[in-house]
Amino acid sequence: MKYIKEFRDPKLAQKMLNDIWHNTKKDITIMEVCGTHTMSILKNGIRDLLPPNINLISGPGCPVCVTPQWYIDTAIALSERDNVIITTFGDMIKVPGKSSSLKLEMALGRDIRIVISPLDALEMAKQNPKKEVVFLGIGFETTAPIIALSIYKAKNENIKNFSILQSIKTMPNVMKEVVKDPQVNIDGFLCPGHVSAIIGVKPFEFLSEELNTPAVIAGFEYCDIIAAIYYLVDMANKEKYEVKNIYNRIVKYEGNEKATAMMNKVFVLSNSEWRGLGNIKDTGFKMKEAYKNYDVKSKIDIKIIPSPIPKDCLCGEILKGIKKPTQCKLFSKVCNPSNPIGACMISQEGTCGAYYKYKIR
Amino acid sequence: MKYIKEFRDPKLAQKMLNDIWHNTKKDITIMEVCGTHTMSILKNGIRDLLPPNINLISGPGCPVCVTPQWYIDTAIALSERDNVIITTFGDMIKVPGKSSSLKLEMALGRDIRIVISPLDALEMAKQNPKKEVVFLGIGFETTAPIIALSIYKAKNENIKNFSILQSIKTMPNVMKEVVKDPQVNIDGFLCPGHVSAIIGVKPFEFLSEELNTPAVIAGFEYCDIIAAIYYLVDMANKEKYEVKNIYNRIVKYEGNEKATAMMNKVFVLSNSEWRGLGNIKDTGFKMKEAYKNYDVKSKIDIKIIPSPIPKDCLCGEILKGIKKPTQCKLFSKVCNPSNPIGACMISQEGTCGAYYKYKIR
Amino acid sequence: MEIITLSHGSGGKTTHKLIENLFYKNFKNDILLQKNDSSILQKMNGKVAVTTDSFVIKPIFFLGGDIGKLSICGTINDLAVSGAKPMYITVGFIIEEGLEIGILEKIVMSMAKMAKQANVKVIAGDTKVVEKGSVDKIFINTTGIGLIEDRQLYLCANNIQEGDKVIISGSLGDHGMCIMSQREELGLDANIKSDCNLLNTLIKDILNTSKNIRIMRDPTRGGLATTLNEIIAHSNRSIVLNEKDIFIKEEVMSMCQMLGFDPLYVANEGKVVVIVSKDDANKVLDTMRGDPLGKNATIIGEIIDDNKNRVYLKTDIGGTRILNMHDGELLPRIC
Amino acid sequence: MEIITLSHGSGGKTTHKLIENLFYKNFKNDILLQKNDSSILQKMNGKVAVTTDSFVIKPIFFLGGDIGKLSICGTINDLAVSGAKPMYITVGFIIEEGLEIGILEKIVMSMAKMAKQANVKVIAGDTKVVEKGSVDKIFINTTGIGLIEDRQLYLCANNIQEGDKVIISGSLGDHGMCIMSQREELGLDANIKSDCNLLNTLIKDILNTSKNIRIMRDPTRGGLATTLNEIIAHSNRSIVLNEKDIFIKEEVMSMCQMLGFDPLYVANEGKVVVIVSKDDANKVLDTMRGDPLGKNATIIGEIIDDNKNRVYLKTDIGGTRILNMHDGELLPRIC
Amino acid sequence: MCIAVPAQVIKVTENKALVNFGGVNIKVDTSLVDVLNIGDYILLHAGCAIEKLNKKEAQKTLELFEHILKDE
Amino acid sequence: MCIAVPAQVIKVTENKALVNFGGVNIKVDTSLVDVLNIGDYILLHAGCAIEKLNKKEAQKTLELFEHILKDE
């Protein structure tokens, strides 16, 4: 595995960790805003290896976590139509709606299929011309260009039975929202590496420039992550605030221009509802006029019933790093992976899910 | 079970059998032309109980036996169409076509359903408006009015996705054909009780009047059948030729006029192909002009490939009573109920099937 | 409405919860609760009888039973007719996702009840859940282990002798026609109860009554005619049955007549056919009639020595019919 | 192309023909050929181990095996890890009408080959055929019976002591990722061979090497992590594994990474995990490495006494992760 | 050639009747026979009443049989 | 938040490439990246190449790490 193993070097990790222990003089709170970073931190047991005054918190970086409940309910309502095939990433399958989940609906015989790409869903639409193939469009900027591409191709190839239930989100503005909350207190950001691969470095520069918070764009192997922490501690100590890119092998300053062009061809920024955070300006996408036929809502008249946040669920504060899962009354006993209440419990990258799985207390 | 048990009286049967033994002076050949009579004779072991100079032979009285192979092949070809549901009496399921059977096609996933009435098939058409429900219309005059009724109702209720693959046969003319064959030598007929229930006594009077052959219309319990033989022996002895009706509880001289009216409303006499006997004039039915939309052939363009009689199969001669199954080279070894070659082996009432099942040699 | 999902078969927590809350709760016994990959039995003092069957019945609930009851009775009966004392049973479930857990629970409770009644321990189990459409609701495999305490006992077709009597414990065709009457599409409405039942006690009493039991069988799939053909195929003798002595309930007979079936080929699930020496036949008959499950027992025939391996039926009027082994499934017919 | 039809399951002639020509022919042995409702085994001198499993794998043929091989190996392995000598197996087939007989034959031959290799007799069987669509091609239940010859032997989680070593016989995740690689809709092409194999010889050698084997398991559904959690749940101790000692083949790891799986939770079908006293660990490891199926065996962890019933994983960089029992089936993920 | 059984009418509605044959109830179409009354017997084939049973004639046939039996 | 892996290009066709990631081959859409050559590495996410991997920059990062390791 080239470009993976090279970034796994126990000796290097040890050295950086030593330096971090040595250099960390004050309490430092670092937020990672990418679920895959969260997972890697947990899988490698990095939290254990850091000095106690470094506090790692997980932001709203799991696309499944931040999808509101009505979205699931809408997907379920769509799946109940005879002529609809729902296609989705496996991640969405277990997410609980108001009274069901796609998994339960599958068990009851609805035509719901797991795909690993929206392009596979498009292929399925071609093969099932009598069915409306609806793809559950969730994700951040990493996934957005691919969903855009599938829509673009559908239009180009004149495929009319393909559409998206749209809930794509964008990263920078929600990070802004999180940091602006007076309760929130973050000393450094671990920026999402794969989002950055698409949008580049610039969209994160407000962190250092406007908010005086250092940030590092990093990859996902343990050396990448530990190095990021190393640099964040270093910048915090030196009170030198910049957005440092140590994932240059993938992330260009300007990002992937072809991918952003595709994204912008099909989508335009819009408000978006985040589970636990509410409706936030310019943190999502909607289809441009030319592509609006590929929005399932333009084709199928489905009533969307806004969903209240489950009572006692602290998802919102957990996503902002204000609370920890263990502070939630429901955690573990009532809310667990077999019976997730909030979305943070659904995915292994969801903060509550990770806390549960790895028995963090 | 009233009107069944009363016609099962061992003492009476014994008495009649004694009389038959006593009265049978010469060799007498009796043909039963109803498979259900054949079955009852075999089930009750009546053959054993008759004097050796009475020879019972089975005529073309099993509607499955006499259906040509191309009919099965056509049904199979229809079943291969996605939008077709084939409905059929269970009897047809195992009948071999050229290279398959409905049973094998079911196993391969075709939508083929067993019904006990053509009216159930019509019901199925109502419940599956997007499918063409084809009923395999086989049978004699007993079944014909019911099939006619289903067509009449379909037209009346404006049901457009129901049709018949038609191969209904009528009895009297084929009996005439059989008796006219110079090789055939029959001294008495056991007339089909349930066909007579519909068409009455008159259509069989040619037997006594034109052909000097006595005939008895009888029911299906063993006393009915033994009594019929008793009277046939008696008439043969007395050289007194008439058509005697001892099934008066069911068979009226004029038959069931409502049923024949229904039959004649929908059908008109036509030539018909009999497996083993060939095409015979006025031995079948076709739809009248007003109902021709209910003939599947008018709706679906299916090529009918006439089927040759399987080589070495003696079905034709067996149906005429000229040969016995045991004279067929294929009998038992090659041709048996698991692998029937000719149609006589398919149904338990088929002469070969019965010979096989009851190990008659 | 709680339903079974693929998680219940994935071997993880949900599976364990199901096992604890449903299977262990209902089947609990020392051996099952070892919770190991294999269950360990203490030494068995005698020969061991083993049998396996899968149950795929539709509908899963029917008058007189359900797939669970059937899966236990069927296997216990197969052990019992072999002369074994049923001791242990293993259970393998294959479940379609989407099945209501309440339905599974009913089935499991019904199994537990039968196992308890037969004093048999469910010692091992397995649960697989398959995708919707990959199975029809639920299939159950049971494997039974029994102990043959009497070292002399060996029931086998070779023991059969001329003059031996054939006894059947009651009416024929009840199970098969019960199931047929519940096939909605046929539109037939009859109050036919399946005979599905445990025969182990009846059979124990039979074995205690006579040392001259030649062979026993439960005439399930294929009915009495097929079972007798199987028995006689392994011997050199034939069987003659008397039609008049064979008891078929009126509604079972009616259903058969309407659909063109022969009740001698229809499945039973709570009947035993016994072949016993001529001399002991009446004694055995008396014992059988003393048990509710054998109260309609009759001697229906005897063994003759004609070297033909045939099953003959003497009809009511003295004719003879040969009952061959049937071939293929029973289909409702109109002619 | 000959296919299976409902007749093959109806218990009549076609069934008997299938049994004679396919099952008896391939599985033949003295006990099976008793052809009775139950098969009679001679007395078993020792404790008896029993296990049951149903196999519902899709696809039915895969690189390194097929459903038939798997159904024999899986059950024999469950007997073997319990310290039993696998002796007998029963087989229950549930077949969808329309299956090619040639496919069934391949499966049966594969089963017969494995049974022969393990010196195990197939002693009883059952075949059910269900309507098209009522099952997905073929399901197989096997129930295994083994003999525990060593009267002292009782492998059980209670035996586990602090300092005991955990050994795994080879690479992890091969079976699960082989199956995943054959799911066409994912479009992934990898040359991953299932590890599906018989472990009885390897395990016999292990038991002959050390009297201090605490417990063994084959980490199938749920993978190593789930199996270790099951083991430790019944003790009062914890397990610490060392990530660096766990062997996962590159392509298996790659497949896991692409689909978001953790290989420690992926099924194996030819691996055994052994918990053995510290002192005997190296001896056992040597024995294992002497067998082709154990050539990659390594000591991957040890038992600690922290009263927590946990499975810990020490990561490459010295961090600690808790491996919980997984919950629910593995679904391919993109995030 | 056609399985048909005598069943007793237990309920009559327009063009339909519920009939009983030895303990088995089935709804049949009665379009092909004359007016039915409860207690009548019909001949049932393929889901239809295809004829009414004539009880008197049945009796006469039985008497005819009786006659044969008694006959010397 | 998105599983993505670096995979090596082994075959290129119009808008598609066959790539290998540690022994697993998969066909990916390449519409979103510039011209690819055999031997190039791409970042694979959800069936698409979403970026090319810059081997030189990777080397530079490793050198930076090397530097930290050697440091002091």
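Every chain is named by a letter (A, B, C, D, E and F) in the order it is written, and numbering of its residues begins at 1.
Everything below uses one rule, namely that a contact is a pair of C-beta atoms (placed from the backbone, for glycine too) under 8 Å apart; a residue touches a chain by one contact, two chains touch by 3 or more.
No experiment lies behind these values; they were computed from the predicted model shown.
The chains in contact with subunit B and with subunit E alike are C. Of all residue numbers seen at the subunit C-subunit D contact, over half occur in both copies; the interface is built from largely matching residues. The interface with the greater number of C-beta contacts, when D-F is set against B-C, is B-C. Chain centres here are Cα means. That of subunit A falls 38 Å from that of subunit D.
Between the CA-based centres of subunit D and subunit E the separation comes to 63 Å, rounded to the whole angstrom.
Note: centroid distance subunit C to subunit D, computed from Cα atoms, is 31 Å.
Look at where the CA atoms of subunit A average out and do the same for subunit F: the two points lie 21 Å apart. Contacts with at least two other chains are made by residues 5-7, 13-14, 131, 133, 187, 250, 253-254, 259-260, 327-328, 333-335 of subunit D. Touching two or more other chains at once are residues 1, 35-36, 62-63, 89, 116-117, 120, 139, 143, 338, 349 of subunit A. Contact with two or more other chains is made by residues 1-3, 5, 21-22, 45-47 of subunit E. Each chain pair that touches appears in this list: A-C, A-D, A-F, B-C, B-D, B-E, C-D, C-E, D-F.
Against subunit A, in their complex, subunit F makes its touches with residues 1-6, 8, 21-22, 29, 31-34, 41, 43, 45-48, 50-51, 53-55, 57-58, 60-62, 64-65, 68-69, 71. Of all residues in subunit D, those touching subunit C in their complex are 5-7, 9-14, 16, 34-56, 58, 78-79, 81-82, 84, 88, 90-94, 123-126, 128, 130-131, 133-136, 139, 141, 143-146, 148, 154-156, 217-218, 220-222, 226, 234, 325-330. On the side of subunit D, the complex with subunit B involves touching residues 3-7, 13-14, 17, 97-98, 131-133. Residue ranges on subunit A touching subunit D, taken from their complex, read 1, 8, 10, 13-14, 17, 35-36, 42-49, 62-64, 89-91, 93-94, 113-117, 120, 139, 143, 222, 226, 337-338, 347, 349, 356-359. Subunit D makes touch with subunit F in their complex at residues 181, 187-191, 249-251, 253-255, 257-260, 333-335.
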